[in-house]
Structure formats: C-alpha cells, structure tokens
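Pasting in a structure now, in structure tokens, and then I'll have a few things to ask.
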Amino acid sequence: MKSNRLPLETDLLDVLEQEVLCASCAKNAASIPELATGCLSGDTVLLVDGCAGGLVINSKGWEKRAVSEPQSESVVRGPREGFTENLRTNTSLIRRKIRNGQLKVEQMTVGRKTQTGVCLMYLDGVANPKVVETIKYRVGKLDVESVLETGYIEEYIEDAPFSPFGTIGYSEKPDVVAAKILEGRVAVVVDGTPFVLTAPMLFAESFQTAEDYYARSLYSSLIRILRFIAFMITVFAPAVYIALVSFQHELIPTTLLFSFAKAREGTPFPAFIEAVIMVFAFEILREAGVRLPRPVGQAISIVGALIMGDAAVSAGIVGAPMVIVIAITAVAGFLVPALNDAGSMLRIVMMVMAAFIGFYGVAFGFLGMLVHLATLESFGVPYLGDFDGDDTKDTWIRMPLWSMTKRPKSIARGDTTRGQRFIPPLRPHVPDEEGEEP
Amino acid sequence: MHAHLKRMVTIFLLLSMLIVFLTGCWDSRTIEDQLILTGIALDVADDPGKISVTAQAANIQQGKAGSGETGGEGSNESIVMKATGDSLTACLTELDRDSSQKLLFHHNQIRLFGIELAEQGIKKHLDLIMRDQKARLEVPIAIVDGRGEEALTAKLSEMPLSGLFLGNNFEAQSAISPQYRVRLIDFVQRLLDGTAAPVIPIIKVTGEDDKQEIKMAGMAVFHDDQMIGRLTNEETVGYILSFGNVKKYNIVVSDGQNQAGLHIATLDCKREVTLRQDGGIQVSLTITSVVSVSELHGFKEMKPPELLKYLENLAQEEIKNEITDCFSVAQTLDADIFGFCTMVSKKYPKQWNEMKERWSEVFSDIDLSIQVKVRIPETGQIVQSLEMEENMK
Amino acid sequence: MKIDKSQISGKQFMFMVAFFLQSSALLTSFLAGITKNEAWIPVVIDIVLCIPLIFLYRTLMVMFPEKNFLQVLDEVYGPVVGKIIGISYVWFFITLAAVNLIDIGDFAKITFTTETPRMVPTLICVLVTVWAVRHGIKVISRYSKLFTIIEFIIVGVSIVLLFNQMDFTNLLPVFTQPAIKYVQSVHIIATIPCGELVIFLMVTPCMKKLTPRESTKYWFGGVAMGMIVLLVVLLRDIAVLGKALHLFTLPGLVALRLVNLGEALSRMEIIFAVALAMLLFFKITVLCYVSTIAVAQLFGTTQYKRLAVIVGILIMAYAPTLYPSSVEHGISAQTIVPFIWTPFQILLPLLTYILAKIRKLPKAITPAVKKQEV
C-alpha cells in the first residue's frame, strides 16, 4: 500500500488520470462536446460509471506522410526537409531549428465543422507585439465553416484582398519559416497542410529564396538583381513589344524593322490581339503542365512549346517575334515564383495600356503599379518597408551575412541586434606551428 | 464591404467604357501598313515654281513566313514613287494618296537635293522636315550632281536600296571625319551663323542600267541656302583637314620622283583667331598629326632614319598645301566654309558686330598661317622597302 | 487640424524638393527663349539669388511647424484677411497644377501620340495622379529618393552619350545681349522653377520634427541638387544645339534625339521621354496634392480623399481653358506669368514673415491647445 494515501474526496477520475494511466496529455473534460471533439480528433475517451465527466486521453496515431523534400520549393544547397500535413510534426520541425525559450506557440481551433488546429509561432521579445495581437485577433475572430488549408485563413486575414500582390507569405520549408520567425515575423501553422503562413510579408521577400543565404554573397546579389530584372521583363515585355510594333516604330533599328514587317505581313491580327492569344495559350499550357500526370506532362510541354509555337508561326496566325517575346516572358516569370500570379495579371493590364496608347500607357501603367505598391501595407508595416534606410542590405542585393547585424527595422521590435559588427580578416588567422598565437 | 465592392465594380466598368471610347488607337499603326521610306529627293519640276519629290521605300515582299526562312536584304526591292507639287507638303499628300500604305518617315536614311534646286535655294524646303516630329534632324543631306531622283532610282549592285546604301556610306565616312557627313542639324547651325557658308557633300550616279554606282563628287558650297560653287574631291581634303579630328585617312605625298602613301592615324587642328591692327583678322591653324607609312615608291637613296624625317617634311608640306589650296578656292567663291567668322563672333563679340558688314573684304584679306607637325612613329611591318634594299648592299 | 496624417522624414522631403526642380529641366524652352545660348548665365545668377528666397521658405516652415501655409495665413493676418489670401493661394495652386498638366499633355502629344487629342494622355495622368493623391503624401515621398537618383543617372548617361557632339564654344559669347534680357531671364527662373517651391509650405504638418539646422540642410540640399541638374541640362542643350536652340519647342528632347551610338541605339529619345514624363507626373501629383489639401483646409474638412477626385477633375477641366495654343503658353510663360507668380511666391511670404515677426508669432503652444490640434 502506498504511504501517501489520497484524500477520500478525490474523484476516481483524478486518481485514474494522475496515478494509473501512463499516457501523456490526459484531460478531464466536463462536457459532452469536448468529449466528442476529443473523440473526433483521435483521442480515446474514458467514461467511468458514477463519475461526472470523462477522460480524454491522447492516443492520436493516424497515418501520415513522412518528412520529404518539398515539391514546390527545391534547392540545390540547403536542407531538403519539408513540412507535412501534421500540425505537431510541423511545429516540432520549427522547434528543432529554434531551440530557444522565447519561441512561443499558441494554439487555437478554427472552423466550425472542421475544428482545425492552428498554431501561431513567434519569438517573444523580437516580434512586434502589435502584429502578434492583430493576427491573434483576426484568426480568433474567424467565423468560418471549414479551414482546409492556410490559403483559406490567408484570404480572411489579409490586408488587401484585391491587390495582385500578396501581403502574407507562405513556405513549405522549415528553415525558411524559422528564418522569418527569427526576423520577427509570426508563423501560422495549420493542421492538414504543409504550407505555413508568415506575416507580415513585404515586397522584397518575393525576391528572396532560401538558397540566397546559403550561397556566396556576391553570386546571390547578382541573382537577386537578375530576379528583379526578370520580374520587370515578365510584366512589361509583351506590353513593350505591342507599344513598339503598334506605336513607336522609330525605336526599332531599321533592318530589324524590315524583318518585323515581313513577319507580320502574313498575320491577320493586330499586335494586341496576337499578344493576347499568345498569353492565353501560354497560360493554358502552364496550367495543363501542372495538372497532367507526370509521364505525360513532359511530352506536353515539349509538344506545346516547340511544335505548337512553330506551327502557329507557319500557319500565319502569329508572327515569329511574338513567339519569342512570349517565350522570354514565360521563362522570366518562373524566376520569381512568388509573384507569378501577380505577374500574369499585371502583364495583361500593361498590355491593355500599351495597346491603348503605346509607351505612354506603359509608363503610366508602371507608375500606377508603383503607386499601388506604395500604398500597400501588411499588418501595419508598409509593403515597401525594406527599401528604407538600413534594411536595404537584403533587398536589391544580398550583403554578406556578417554585415547584417540588425534585424529589419520594419518587422522587428525589441531586441533588434543580431550580432556584433564583424568584418572577416583579410589575412586568415592561422596559429603558428608551435601552437602559439601570432 | 458590399457597398465598397459595388462601387469598385462601377468604377471599373466606367473606366473600361472610357477606354473603349477614348481609345488612343488613333495613333496606332501596324507595321505592315506602313511604307518604310529609305530616301527622299527633291528636284525642280518642269513647271517653274514647283518641285518634284521622289521617295524610295523598301518593298517587303510576302516571303514565306516562318522558321528557316529569314528574308535577307536581297529580297528587298525598292519602290520608287514620284510626285510634283508646289511644296513638300503638296507632294507628300499626293504620294500618300496614291499608295495603299502610309509613309513612315522615321527610318529615312538620306535626303537629297538636285543640283538645280540647290542653286535656287533650299531653306524653304527644310521647314517641313524641321517642324515634323517624325522627321529626324540627324539624317544626312546631300546634293546630287544631276537630278535627285537619279540617285534613288539607281540600281546598285551592292544594295538594292540606294537610300540605305547612302546612309551607311555617310556613316562610314563620318568615321574618317565628321565633316564628311552633314546632318540637317549641322546645316541648320551653319545657316544660323549668318556669314558662315554651309557645305554639303555632292554625289554622282555613274554607270548604266544594272551596274550603276554612286560616287562622292566633292562638296557643294552654299551662300546662305543657295549653292554657289563646289569643291572637288581633292579640295575637300583641305577642307576636312582644317577642321581636325581626322582619323584613318590616306594621303599621297611626292617629291617629284618618289611617292609615298601615308596613313593618317589621327590629325588634330587647333584654331586660333586674333585681330589685326588694321581691322583684319589673323587665323593660325596648328595641326598635329600622327602618321604611319603605308606605301613607298622609290626613295632609293635614303636610309630609314633620314627617310622618316624626309617623309615627315613631305607630309607637312602636303597638308599645308591642301589647306591653302582649299582656302584660295574658298576665297574665290567668297565663302567662309571654315567657320572663321563663328570663331571671331565667339571670341570678339564686340568687334564682330561691326565686322559683320564688311566680312567679304575681311575674309579675302585673312592672314592664314598654318603650322603642321607630323610624327611618323612606325612604318608597318617592314623597315626598308624592296627598292631601298638594293642600296643597302 | 491635421488633414493628412502621414509622416515624412526630412530626407524624403529633401529629395522631393530636388526632383520637383529637376522636372522643370524638361521645359527649358522658356528659359532659353530670351537669352538664347547664354541662358546658362541667368541660371548661375539665380542659384545665388535664390538663396535668400529659400531661406525665407525654410524660416516660415520652422516658425510654424504644425501648420500648413493656409493655417499660417489665418494666424498671421487674422481670420478674415487670412481666408481671403488663402482663397487666392488656392487659385494659385490649382493654376500651377493646371499649367503643368497642360505641359505633360503637350509633351505627350509631341513625343508619343501625335494624332490623339491632348485630352487622352491628360486624362490618364489625372487618373493615376488622383489615385496617388488619395493615399496621401507618403506615396510620393517614398519614391522621391529613387526618382531623384534615376534622374541623375539619366542626365549623366545623356551627357556621356552626347559628349562627342557637344561643342563647348557654343557657350561662348558672354554678355553680348542687352542687360534687360538678363534681368528678365533671372526673374523668369526665380519664379518658375524656384519660386514654385513655396508649395512645400503646405506640406509642413506632415514633416517629422526637425531642428532648424536640419531644416536648412534639407531645404538647401534639395534645392542645390535640383538647380545643379537644371544647369547641367541647360549646358548640355546649348552645347549640342548651339544657335539652333531657341527654334525648338522642346530643346531637351531634340538634343536627346541626336544620340547616336550605332544603328541600334540611335533613336533612343523615347526612352528618355518616358523617364521625363514620369518625373513630370510626380510634379503634377505633388501639385494636385497641395491643391487638395489647400481646398480641404479652406473648407475646414479632413476628408481630403473625396476632395482629391473633385479637385482632380476641376484641374483637368480648367487646364485646357488657360491658353488657346502652346505658342501663347510659351510667350505667356516668358512675359506675363513671372509677374503674376511674384506676389504669391515672393511678396506674400515675405510680408507674412515680417508681420509674424512684428506680432511675435508663433505664440507658445499650451498643452491644451496641442491636444486639440492632434
């Protein structure tokens, strides 16, 4: 018999919970809905005759996908872990990257019918408390029937639902999310999807990938600039082509003009219609390439790109220059995957402006885009915030990590110092042969 | 939210309607509807007081569109159209009217004037070109010895579009000296100077039928906007040398029995103008040049070091003579083609005002002093010529 | 009351002033018309003469840090007279905006869209402008630094590309024209590019707190950058075009047309034209913003967002009625306009300053009043 006897008033359930059962996470639930929810979530419910209440014992053990390489973001250098559909796995993946007591995980449940678990993760003391409050408030206030993916939540809590630019970021890789949390952002993990939201998101983030930080800084800077240029190309190339061919013929060198004229001699449509047809065709091909089963998908992309394009030119539906322009546009668009949808929409707007009034229209389309970007805010942080002052170390170019000693001012509050100012020595420090320091 | 959405939709619809109605398509022109002009020539017409305009355009044939078949320039033939009228506007209207496509001026490569028209005066014909945004000021102009249309109808073996040919030709010449290619803006600047005489290159069409050629035939000298005389190709040399900035030009020097071909790598000319006591001016040109030897005929008795010195002297003499020759021709024509008056007006504005009136007499009385310094740093791959070889033995 | 609650920093302000002046570099024709190819002399003189003027503006800004200019007028002249002068300033701002709107319309018509009626590019510009104005000054100030730098790059590149066509002796004859022409030119430059800076006094409430020293630094820094670009552009045009300068309506563009770097790069002026149009757009946006705030101030409302649309349409309707043709526009810019602008830009601010000093304004602000202001 035990020496410390329980007092006689102790509930049988309590005894069971504390002394008998050796399962973690057993809860004494008092209402039927709680018991029902627990049951539906995979827990075991223990009801004892004569006791008011029941025990909800954690016994979740369903089939889940193993941690594998994420399909949407592949890297050459860097971790190849990706989130899975399990909330606990995901939070644990992040916890393993940030082994710090400041990392806070706040759990909520959203969705009336689906009762999906949602976790907010942030670094206490670094993240902006106002942003955390806002997100908690918005997620808490969600009154929806179902939440199947982070995209649902994103649409409900984002700042500018009608802007082509997203103000909440997402990622499938734990190292990316961990880096963002370390900068002061808040991550929203949702059970059932490997995509984790990060808020606030700024414009410069669309051009950053995880690999930028693992590769060498000079090369990363060049690639970063290339991405900006690619984005400009993908948005403006068809529009510029339309403007050149329809309005500003003087910009084209004379001999090129001859070949353009010859190419367009046989085509029936004005440049704008041609461009719209090609953009349309490209979007169809792209969508088809994603949906088709893998073995067939490869063939379609080759068939589509090469043969259809060539055949269209031979048949005289579109001109060869148009095909080239669209090809460049398409390929450039894939350099900045985060802005792919934004790019597609903006491309069409620019094309309309170009068809309307040539280069002037493109110029004002560009200005309109700039104005829109300047007015966007993501959870109180201006969308172009990274381009102010100090934070530009990570926007156009990627300065070496040792020079980025402060967290971005636009995001972080509180503890903003990452490290001491460190400049690598020009001559490496090598101890002498006798083991003494020089 | 609902009201806001409704409002946005209304705005969007309104804007779309505006776009449709206020379309800027008034400006939109498709390439294949345009006739790409490559050359334009003005001549006197048979009726006095009228001019005839000839325009040359590229004929884009309907070749096989598609991959593998890139139409080279060989398949471009030229279309030549002609119209007569009171002014350039009238002629252009007629040309427009009679063709199924609109004329595209932007790529015009050259403007030509027939020699008779040049003698009558071309200022009024330049007005349209300067006013119209589509016509460009940096297009070269030239005078044709004969009628302008000959140059445009010429069938050259090198290129079917003589306009393009001339454009490229002048471009290449301008690499030698900027004075070879006179753009409209240069001509206008000279005109505005008042007393300076503008100069425009002359071209001549020679040969027959399919084997025609266009050659440079010197320069035309203008007084204000009327042509009053010409310089031959040789006299032109002096003209361009006096402006300096000459690169990669060949001259031939000789001392009676021997000849040498010299390649001017660079030639710069510094001009200084000073007032004389008696109201005239003195101009001094200081020319420095780096020359290399390209061909030697003779010079049997010389050794290489003294040969170089000798050649330098010869070259100096030659350059000086060229410029002096040109200058005397200019004085005969009473045309300040060198732009000395501009220099005076910039340096001595006050005196210039009273000198303007009597510029003719000042010009004929100019004290011209020319100093030439030639340096020959290298002689090419061989040091001695074959003829000199014999002497060395 | 604060109409526009956004905040801009001193540096952003400096760049705004700079590119405001730089946009005027586009329209050098009225500068060159009087003194032809000695036009650079009045500009140099003006750089010196404008120093006291800019100092006056900066002092007014420092003296009344939380008030835009119309509020300052109210305070200095009393409610009735202040309001009357305020109304005339509203007219001034709106007219300035309208004149610049015509400029961009004309510019678009000459360069891009020769057949389309001038209304269309104007309408597009107004649409984007109104959209930008509705979101407050922070939109413009965010891009001020970027566009100033771009303008510097463009000017630098154009000079490099045109270098071999520049003839610096074109600058030469100096002081050959009657003195009155120089005086006239100096007057024109003092009012048309420089004096327009008075509108920045309407932006004062949005500025973060600045010490007087910082204020001086930012005002003069911006003006220096702007005037240097103006001078350089003018020098470039004179050097390239020489005597032909005064013939052209847009000498800057003609000079750029002559850029010739081989066949492919020989017709680049459209690219420059696009960049210049964008700069002019920013100038118009600042002017529209100032007009909107002034109207809002006059009617005592903080709802400037709705007013933006109305003011935009007003300016767009007003603009074509100003001049029957661009020739008259040019002549008026050289002869009449400097005289009309002078009271608004020089005399009234000076008078305001003197009166304020005499009446020992601004009064010290008590905490109660300050709370009410916010």
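Note that the chains take the letters A, B and C in the order they are written out, and that residue 1 is the start of every chain.
As a working rule, a residue touches a chain if its C-beta (ideal position, glycine included) is under 8 Å from a C-beta of that chain, and two chains touch if they have at least 3 such contacts.
This one's a predicted model, so the numbers in the text were calculated from it and none came from an experiment.
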item	value
Chain closest to the middle [Cα centroid of all protein chains]	C
Most heavily contacting chain pair (counted by C-beta pairs in contact)	A-B
Centre distance in Å when chain B and chain C are each reduced to the mean of their C-alpha atoms	41
Cα-centroid distance, chain A relative to chain B, in whole angstrom	60
Chain A-chain C separation of Cα centroids, rounded to whole Å	42
Shared-contact residues (touching 2 or more other chains) in chain C	112-113, 116, 120-121, 266-267
Per-residue overlap in chain B, given as positions that touch at least 2 other chains	24, 27, 106, 134, 136
Residue numbers of chain A (touch at least two other chains)	247, 250, 254-255, 357-358, 361
In the complex, chain C residues that touch chain B	110-117, 119-121, 123, 127, 169, 172-174, 176, 241-244, 247, 254, 257-258, 260, 266-267
Chain A partner contacts - residues on chain B that touch it in the complex	8, 19, 23-25, 27-32, 34, 36, 38, 58, 60-63, 65-67, 70-71, 73, 76, 104, 106-107, 109, 134, 136, 164
Chain B residues within the chain C interface of the complex	15, 18, 22, 24, 26-27, 106, 130, 133-134, 136-138, 185, 188-189, 192-193, 343, 345-347, 349-350
Parts of chain A lying in touch with chain C, wherever the complex brings them together	247-248, 250-251, 253-255, 357-364, 366-368, 370-371, 374-375, 382, 384
Chain B-facing residues of chain A, complex	162, 245-247, 249-250, 254-255, 257-267, 270-271, 310, 313-314, 316, 319-320, 352, 355-358, 361
